[in-house]
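Shared between the two complexes below is subunit A, which has subunit B as its partner in the first and subunit C in the second.
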Partner chain A sequence: MSGTRFIRDQRFFEEDNASYVAEVPVEDAPALETSEGKFLGKSVERYDGYHKVSGTALYTIDRQLKHALAARALRSPHPHAKIKKIDSSKAEALEGVMAVLHHGNAPDIPWHRDSKLFDTHLRYAGDEVALVVASTADVATEALNLVHVEYEVLPHETRTMEAMDDRAPELHDEGRLQGGEPATYARGEVEPALESADAVVSRSFTTATCVHNPTEPHNSVVFWDDDRLTVYDSTQGVFAMRNTLAEKLQIPASSIRVICPAMGGGFGCKLELSKHTVMAALAARQLGRPVSVVLDRREMNLAVGNRPNSIQHLRAAGTRDGQLTALVTDSYGMVGAYPSNAWMNWPLVVMYQCPNVSVTHRNVYSNLGPGRAFRAPGFPQGTFALDQVIDELAEALGIDTLELCQRNMATASQASGTPYTSKKLAECYERGAEAIGWSTRRNREPGSGAGPRKRGIGMASQVWGGGGGPPAGVTVMIQRDGSVQVVSGTQDIGTGTFTILQQTVAEALEIPLESISVRVGDTDGAPYGPLSGGSQTAPSMTPAAWSAGLELKQALLQGVAAGAEVPLESLSYADGEVRGTEQNWSLAEAMQVMREQTLVRTGLRAANAEGKIICSFGAQFVEVEVDTETGRIDVLRVVAAHDIGRVLNRRLLENQFEGGIMQGIGMALMEERVVDDVEGKVLSANLLDYRMPVMANTPEIEVIIPENIDTVANNLGVKGVGEPPIIPTAGAIANAVYNATGVRMTELPMTPDRVLMALLGAEEVSR
Partner chain B sequence: MPTRDKPVDPGRRTFIKTLGVGVAGATAVGAMGPEADAEESPALPAGTQILDLTVNGKRHRLHVESRTTLAELLRDELGFTGTKVACNRGMCGTCTVLLDGLAVYSCHTLALDAHGKQVLTVEGLMKGEELHPLQQAFVDHDGLQCGYCTPGQVMAAEALLRENPEPSRADIEAGMAGNLCRCGAYPKIIESIESMKGGR
Partner chain C sequence: MRNFTYLQPENLKQAAKALEKNEAMVMGGGTDLLDLLKMDIAAPEQVLNLKSAGDAELRTIEEKDDKLRIGGLVTLAELAADDRLRRSYTVLQEAAAAAATPQLRNAGTLGGNLCQRPRCWYFRDPEFSCLRKGGDTCFAIDGRNKFHCVVGGGPCYIVHPSDTAVALLALGAEVRVRKGGKTRSVPIGEFFVLPEVDPQRETILGDGEFVVGVEVPAPGRDTRSSYTKFKFREGWDFAVVSVALVMDKAGGIVRGGTVALGGVAPVPWLDAGGSAALAGIGGQDRRLDAFAGALLAGAEPMTENEFKVPLTRNLAKRALVELLDR
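Take a look at the complex of A and B:
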C-alpha cells in the first residue's frame, strides 16, 4: 500500500450533511475505465440466491440457541403518562418467568435527549415500560398482562398543528419543536422575485405517515461468554450497532460482536439501535442465558420508526422565458415523541437552478412513535409537492413541464455552489421522455380524454447524494489453495452487497466468481463498513474491494519473483495467472511457490474528490388510468431514467429500481398510518389495515441508465442506487393524475375516496 | 387465496384412516384419538395432544399444545426455519406452506389441523442439495431481494403452478395476491413464475 493519511470527509448522508474523519490511501488504485468488464456490469447470479430460495439462509430470527430465553417488552397503553407504581411480583410468580426488568431494578441508561432506557415518563402508546423474560415467548406474553402498572395519565396530542399549540403537552426540555425553533434556509431574495415574476403558483400539500414494515421483524438474539457479548441482530449496520451498544452498556466495543449475514429488509428502520436490544443484553447478563427478543407486527407499526407526515405550503415563481425565479415553502412534519427528522425540503433547495429560495420548517414533537430514516428520508414527500408546483407553474407560463425542468437544470449544487463530479440528467430527461411518448401521447389539455376512465402522463425529477466515501475497508485474502476470501464489516440488506463485492474482486484478480467467497455482516475480524443506508454501500465498498484486488496482484508478482527467483520485471499478471517468460503460475501455484499460507490486503476507500460533490440524478415518467367513477388509480407504466454511475449488475439494479418504484406506488396510492387522535392510538398497526402494494399493483417498469463511468467520484465510477428509485414516483403519479383528470391531488395517499372528493370539488368549482 | 382446511376430526375414523390399521391397532391410545389421549393418558403433558403428520415426506408423531400453530411447529419443534413468520396474523403470506397440496398460511393454521396430512415446506422442494426447478427460476430471474418472504412466494407459486401449469399474468396476480413482498421484487417474481410455464 502506498501509505495512508487522515482526512475529514464532508458529504450528504441520508437527511443532512455529515462529516467523517477517515484514513484513506495517499494514492488511490488506478480506475477501471471500461464500462463493460468481464464480471462488472454483468447480470451475474445473486451470491446468496441459493440460500434464500432454499430456506437455508440464516436470518436473526432463525438463530435458535440452546437454553435461550424469550423476552417481550411491555409497552405503554397510553399516549402520554407517568408511571406512578410498578409491581411485577405476580408476573414473576408465573411459572417460566425468569425476570421482569423495569425502571425500579434496571440500570439507569440515558436514551434520546432527556429520556432513559427505562423511563417513567411515557410519551406515546407503545413506549417501553418493562421487559419480561421467560422460558418461551408465549409465557412472556402471558406475563405481560400480570405486570401491574399504575399510570398517571397525562393530556396528549397526536395532530401536527395542534401539537405546537401552547395547550399541547411539552414532551421534552426543548419545547414543542425539535431544536427549539423552526429550521430555516434562504438564498437570494424571494419577495422581489415573486413580485416581478410572470407567474406565481401557490399550493398546499399533505402526505401521510408511512411505516417501513420490513417482512423480518426487528429482533435480536444475544448471549454473553464471560464479558464478551455476541449479538445476532436484524440490522443495517453491524459496526454502528456494536458501537452504540458499547456506549449504552458502558463496555468496550472490542468486547461486542454483532452478526447479521442475512437480513429481512429494513429500508431505514434498522439503521439505529432499538431499546429492545439493549434490554435483552441486560437480561442475558443478569440471567446468564441467551435471550431472544422478537417484535410483533403491532410493535413494528408503533415503535420502530416511520416516514413522518408532511404539511407543505409552496409558492413557485417564474418568467415567460422559462426561468424559475423563486421557490418558497413553509413546512411542518411530525417527528413523534422523540427526536428524528421530518425535514423534506432538500429537493426544493437543490433540484432546480433557482436564485431565490426560502424555507421555514418545523419538526414537531407529538405523542406518537418517533420517525426514523425511511428510504430517501424527506425526498419523496418533498418531490411530491415540488414537482407538482413545477408542473403547475409550467402550465401558467405556457411552457411544457419537461422543458421547464430542462431549462432549469442546476450545473452546480444550489446549496453550496460546488460543481458535480458528473451529471447526466439531460440524457435521463431525453431518453425517459422518448420512451413514454411524452410529446405525442400526453393530453395537451389535462382531463380532455373521453369516457370515465381517463389516462394521463406525468413526470418528476430526482436528486440524491449517494456517492459514499471513507472510512470503509475491504480485506481480500488469497489462501494457500488459491481460493479467495473477501471480508468486510459492511452488510447485505437484500441489495446485493455479497454479489457486487464478489464481482469486483473477480474483475480485479481476473478469476472466476466461484473461487471467491464473501463474508459480510460480522464485526469480528473485519475492517470497518459503514451503515447500509443513504445509497452509500456500493460506492463506498466496491472501490475499496477493487483497491485490495489490485494490491494483491502486485503482491503476487513480488512473491513469485522472490519464491521462483526470477526478476520481477519478467513477470506479468493476466487471466488469474502470474505469467513469466518460461512458466505461468495459477493462484494456487503462486501461493505454493512463495510458501505463503495466506496473502492479505485491505483496501481502503479513497477520499472523495475535493471541490466536487457526488449526486445521482434522474427522472420518472408515469402513465396512469383514473377511473373517475370509482376514484381508483391504476399505474400502467413507469419509465425510470436515472444517472447512477456505473452499472455493477444490471439484473440486481433493475430489481432494486423496481422495488423502490413499488414502494413509491405504495406511498402514492395506499400507505397511511391511521391514528385515532382522541384516543391517541394507531389504528393501522397490522398488515391488513396498513395497506402495501401487492403483485397486482405492479405496472410495466422500464429502467434506463445512461452510461456514466464517473471515475472522478471513485475508482469504479459508482454511485448508489438504493434511494433514487422511490424519490420521484409519487410526484410523477400525481402529475399524471392531473394530466388525466385536470385535477390536482394534493394529499397522499391518493386513495379512491380522496380522488373522488377532489374530482367532486373540481366539478363544484366549474359549475 | 390460501385456504384453511376444516378442523381436524378428532374421532377415531379419521385417525385410524390416517395411521393405517397396523399402526393404530398397535396402541389402544392411538385408536381413541388425540382428545381421548389427553384425558386418559397420564403420561401426556397437560394441554397437549398427539399430532401425527408428514413433513417433507417424513412422518412425525409428537405431542403438541392445542394452541401451537403450524408455523411454530415447523420452526420451533421440527427446525424447518425456511418457513418464515412476518405478521403471525395471516395477513402477509410469508409463512405459506402446502398442506395436502394447497397453499395455507402456516401462522394461521393450527398444528393440529395438519393432523394426518402432508405438509410441504420450502426445504421439501429440494432434491438433496439440488434446487427444485421453481427455486432455480427464482435464482435465475432474481425473484427476490432480502429473501425473507421468498420461501412463502415460492410455495404459493408452487401451489399455483400445480393447479394451473399455464397461468396467465392475471392468474399469477390472483394466485400470488396473498403474498406481500415489501422489497417490491414483484416484477422479477412474475418473471420467475412465467418462466415455469410450459412444463418443467
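Take a look at the complex of A and C:
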C-alpha cells in the first residue's frame, strides 16, 4: 500500500450531514473507466441466490443452538404509565421459566436520552417492561400473562398538533419538541420574493406514519463463551451493533462478535441496536445458556420504528419566465416517545435552484412508538408535498411541469454551493419523458378523460446523497491454490453486497467468479464496514475491493519476479495470469513459485474529492388509472430514470428499483399506521390491517440509467441505489392522479375512501 | 394461546354427541379459529375438529329436488372451481373465488366461513374489552370506524366479514343446523344476529348446535347473478363493500330480483329498497340512479365511513349494468 493518511470526511448520511475521521490511502487505485467490464456491469447471478431459493441460507433464527432458551418481552399495554410494582413470582413458578428480568433486578443501563433499558416510566403502548426467559417461546409467551404489574396510568397524547399543547404530557426533560425548539433553515429572503412573484401557490399536506415491516422480523440469538459474547442478529450494521453493545454492556468491543450472514430485509429499522438484543445478552450471561429472541408481527408494528408522519404547509413562488423564486414550508412530524427524526425538508432545500428558501420544522414527541430511519428518511414525504406544489405552480404559471423542473435544475448544492461530482438529471428528464410519452399522452386539461375510469400521467424528481466514503475496508486473500477469499465487515441486507464484491474482485484480478468466496456480515477478523444505510454500501465497499485487487496484482508480479528470479519489468498481468517472456503463471503457480501460503491486501476506501459533493438524481414518470366511482387508483406504469453512477449489476439494480417503487406505491396508496387516539393504541399492528402492496398491485416498471462512470466520486464511479427508487414515487403518483382527475390528493395514503370523498367534494364545489 | 383438549369425532353422530356434552369450539378449516386462539380472543376448553368426521354429506355438493346441497366442510376453493355453481349459482361461485387467498381458500370451509368472527380491530385486539367480548363499550363509536357498519349498527358496529354469506342470502339459501340427532333448516336471513339482539354473538347457534351444510333453491332458467367485491387491496383482503345481485331477466328486462350487501352491516344485509327497485329496469328503462338511490335506505354513517354509501351505490349500479349484458 502506498501509505495512508487521516482525513475528515463530511458527507450527507441518511438524515443529515455527518462528519467522519477516516484513514485513507494517500493515493487511490487507478480508476476503472470502461462502463462494461468483464464482470462489472453484467447481470451475474446472486452469490447467495441458490441458498436463498433452496432454503439452505442460514438466517439468524436458523442458529438453533444446544440448550438455547427463548425470550419474549413484556410490553406496556398503556400509552403512558409508571410502573409502581412488578411481581414476577407467578411467572417464575411456571414450569420452564428460567428468569424474568425487569427494572428491579437487572443492571441499570442508560438508553435514549433520559431513559433506561428497563425504565419505570413507560412512554408508549409497546414500551418494554420486562423480559421473560423460558425453555421455549410458547412457555415464555404464556408466562407474559403471569407477570403482575401495577401501573400508575398517566395522561397520554398521540396526535401531532395536540402533543405540542401545554396540556399534553411532557415525556422528556427537554419538553414537547425534540431539541426543545423548532429546527430552521433559511437562505435569501422569502417575503419580497413571494410579493414580487407572478404566481404563488400554497397548500397543506399530510402523510401517514408507515411501518417498515420487513419479511424477517427483528431477532437475535446470543451466547457467551467465558467473557466473549457472540450475537447472531438481523442487522444492517454488524460493526455498529458490536460497538453499541460494548458500550451498553461495558465490555471491550474486541470481546464481541456480531454475525449476520443472511437477512430478510431491514429498510432502516435494523440500523440501530434494539433493547431486546441487550436484554437477551444480559439473560444469557445470567443463565449461562444461549438465548434467542424473536419479535412477533405485533411487536414489529409497535416497537421497532417507523417512517414518521408529516404535516406540511408549503408555499412556492415563481415568475412567468419559469424561475422558481421562493419555497417556504412550515412542517411537523411525530418522532414518537423517544428521539428520532421526522424532518422531511431536504428535497425542498436542495432539489431545485431557488434563491429564497425558509423552513421551520418541529419534531414532536408523543405517546407512540418512536421513528427510525426508513429508506431515504424524510425524502419520500418531502417530495410528495414539494413536487405537487411544483406541479401546481407550473400550472399557475402556464408552464409545463417538466419544463419548470428542467429550468430550475441546480448546478451546485443549494445548501452549500458545492458543485456536484456529476449530474445527469437532464438526461433522466429527457429519456423518462420520452419513455412515458409525456408530451403526447398526458391530459392537456387535467381530468378531461372520458368515462368513469380516468387515466393520467405525472412526474416527480429525486435527489439523494449516497456517495459513500471512508472509513471502509475490504481484505482480499489469495490462497496457495490460487483461490481467492474476500472478507469485509460490511453486510448483505438482501441487496447484493456478496455479489458486487465478488464481481469487483473478479474484475480486478481478471479471474472467474467461481474462484472467489466472499464473507461479509461478521465482525471477527474483518476490516471495518459501515452501516448498510444511506445507499452507502456499494460506493464505499466496491472501490475498496477494487483497490485491494489491484494491489494484489502488483504483489503477484513482485512475488513472481522474486520467486522465479526474473526481472520485474519482464512480467505483466493479464487474464488472471502473471505473464513472463518465456512462461506464464496461473494464480496457483504464482503462489507456489513465491512459496507463499496466502497473499493478503486490505483495500481502504479513498477519500471523497475535496470541494465536491456526490449526489444521485432522477425522475419518475407514472401513469395511473383512477376509478372515479370507487376511488380506487391503479398504478399502470412507472418509468424510473435515475443517475446512480456505474451499473454494477443490472439485475440487482432492477431488484432495488422494483422493491423501492413497490414500497413507494405502498406508501402512496395503502400503508398507514392506524391509531386510536382516545385509547392511545395502534390498531393496525398486523399485516391484514396494515396493508402492504401485493403482486396484483405491481405495475410495469421500466428502469432507465444514463451512462455515468463518475470517477471523480470514486475509483469505480459508483453511487448508491438503495434509496433513490422510493423517493419520487408517491409524489409522481399524486401528480398523475391530478392529471387524471383534476383533483389534488394532499393526504397519504390515497386510499379509495379519501379519493372518492375528494372527488365527490370537488364535484360539489363545481356545482 | 391457552391449552385445550382436542376432540376428533369419527362421524357426525359422534360430533353431535360430543358437542352436547362439551362447550367445544367447532373447527372447520381453522383459518379463523387459529387466529382467535393465538390472540387470546377465544380460549375454549375443547376444540372439536369436524374434519375428522368422515361423513360424505359434509364434503359433497349435490343437486337434488330442485335444490343444491352443499356440505359444511366443502372448501371455498372447491366452491370456486365447481362448474354447476359457475353456471347456475354464479354469485356464490364468484363470492367463494373472491375470498381471502388461494392458500386460505384451500383450507377454509363454507361452514367456517359462515361462522367466522368479525374482523373489527377492537374485537381482534385482546387489549380492548369491547361489547362483543363482554365489555361495556363499543370503541368504534368515538374511535376509528372507517371499516365499520353504516346500517344495522348499535350498540356494536361491526360488519360481517363473510363473502359467501352475502351470496347465499341473495340466493335465499337455508342453513342446515344440527343438534344431537336432529337437523333443522334455518333461512339464512334468520341465521345471523344483529347486535341489538345480542352483541356477543353473530349467529343463532346455541349450545351443542353446529352447521352441517346449506341448501340453495335452484334458480330459474332466466336467473342471472353476480358478486362484486370491493377491497382496499387487490389480494388478501376482506370486502370493504360487496354487492350480491340475483335477478330474473326476460327479454332484457329485469322481472325481479334480490340485492344483498356485504361490508355495510353487522349481518349480511338484504337490501329491500334496492331489491324492489330492480323490477322493470332494462331495455329503454335505465333508472339506474333510482335503483342506486334506493339502496342503503336509512344509512347512518359513522365519523369515518361516509364513503361506503356512494361506494355501495356506484358498485351496485355497475354490477347491474354488467349483469344486464350477461
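Details
The criterion applied here is as follows: the second predicted complex is superposed on the first by the 767 of 767 C-alpha atoms of A that agree within 3 Å, B and C clash if a C-alpha of one lies under 4 Å from a C-alpha of the other, contacts with A are read in each partner's own complex, and residues count from 1 in each chain.
The rule is short, and it goes like this: a contact is a pair of C-beta atoms (placed from the backbone, for glycine too) under 8 Å apart; a residue touches a chain by one contact, two chains touch by 3 or more.
None of these values were measured; they are calculated from a predicted model.
Between subunit B and subunit C, B touches the greater number of residues of subunit A.
Using the contact criterion defined above for the overlaid structures, shared-chain residue A:Gly55 touches subunit B, although it does not reach subunit C.
In the superposed pair of complexes, A:Val694 makes contact with subunit B and with subunit C alike.
In the superposition on chain A, no contact is made by A:Ala450 with either subunit B or subunit C. Once chain A of one complex is fitted onto chain A of the other, the partner contacts of A:Lys681 are limited to subunit C, with no touch recorded for subunit B. Legend: residue contacts after superposition of the two complexes on their common chain; A:Gly631 is shown touching subunit C, with no touch to subunit B.
Residues 138, 688, 693-697 of subunit A touch subunit B in one complex and subunit C in the other.
By the touch criterion stated above, subunit B contacts subunit A in their complex at residues 67, 75-76, 79-89, 91-92, 94, 121-123, 126, 131, 135-136, 138-140, 142, 144-151, 154, 172-174, 176-177, 179-190. In the complex of the two chains, the subunit A residues touching subunit C come out as 77, 125, 138, 141, 629-632, 670, 674-676, 678-679, 681, 683-685, 688-689, 691, 693-697, 751-753, 756-757, 760. Residue ranges on subunit C touching subunit A, taken from their complex, read 1, 119, 121-122, 125, 127-128, 139, 142-144, 146, 230, 232-238, 240, 304-307, 310-311, 314-315, 317-318. Of all the residues in subunit A, the ones that touch subunit B in their complex are 43, 45-46, 48-59, 61-62, 64, 138, 213-217, 262-265, 267, 296-297, 493-495, 651-652, 654-656, 658-663, 686-688, 692-698, 701.
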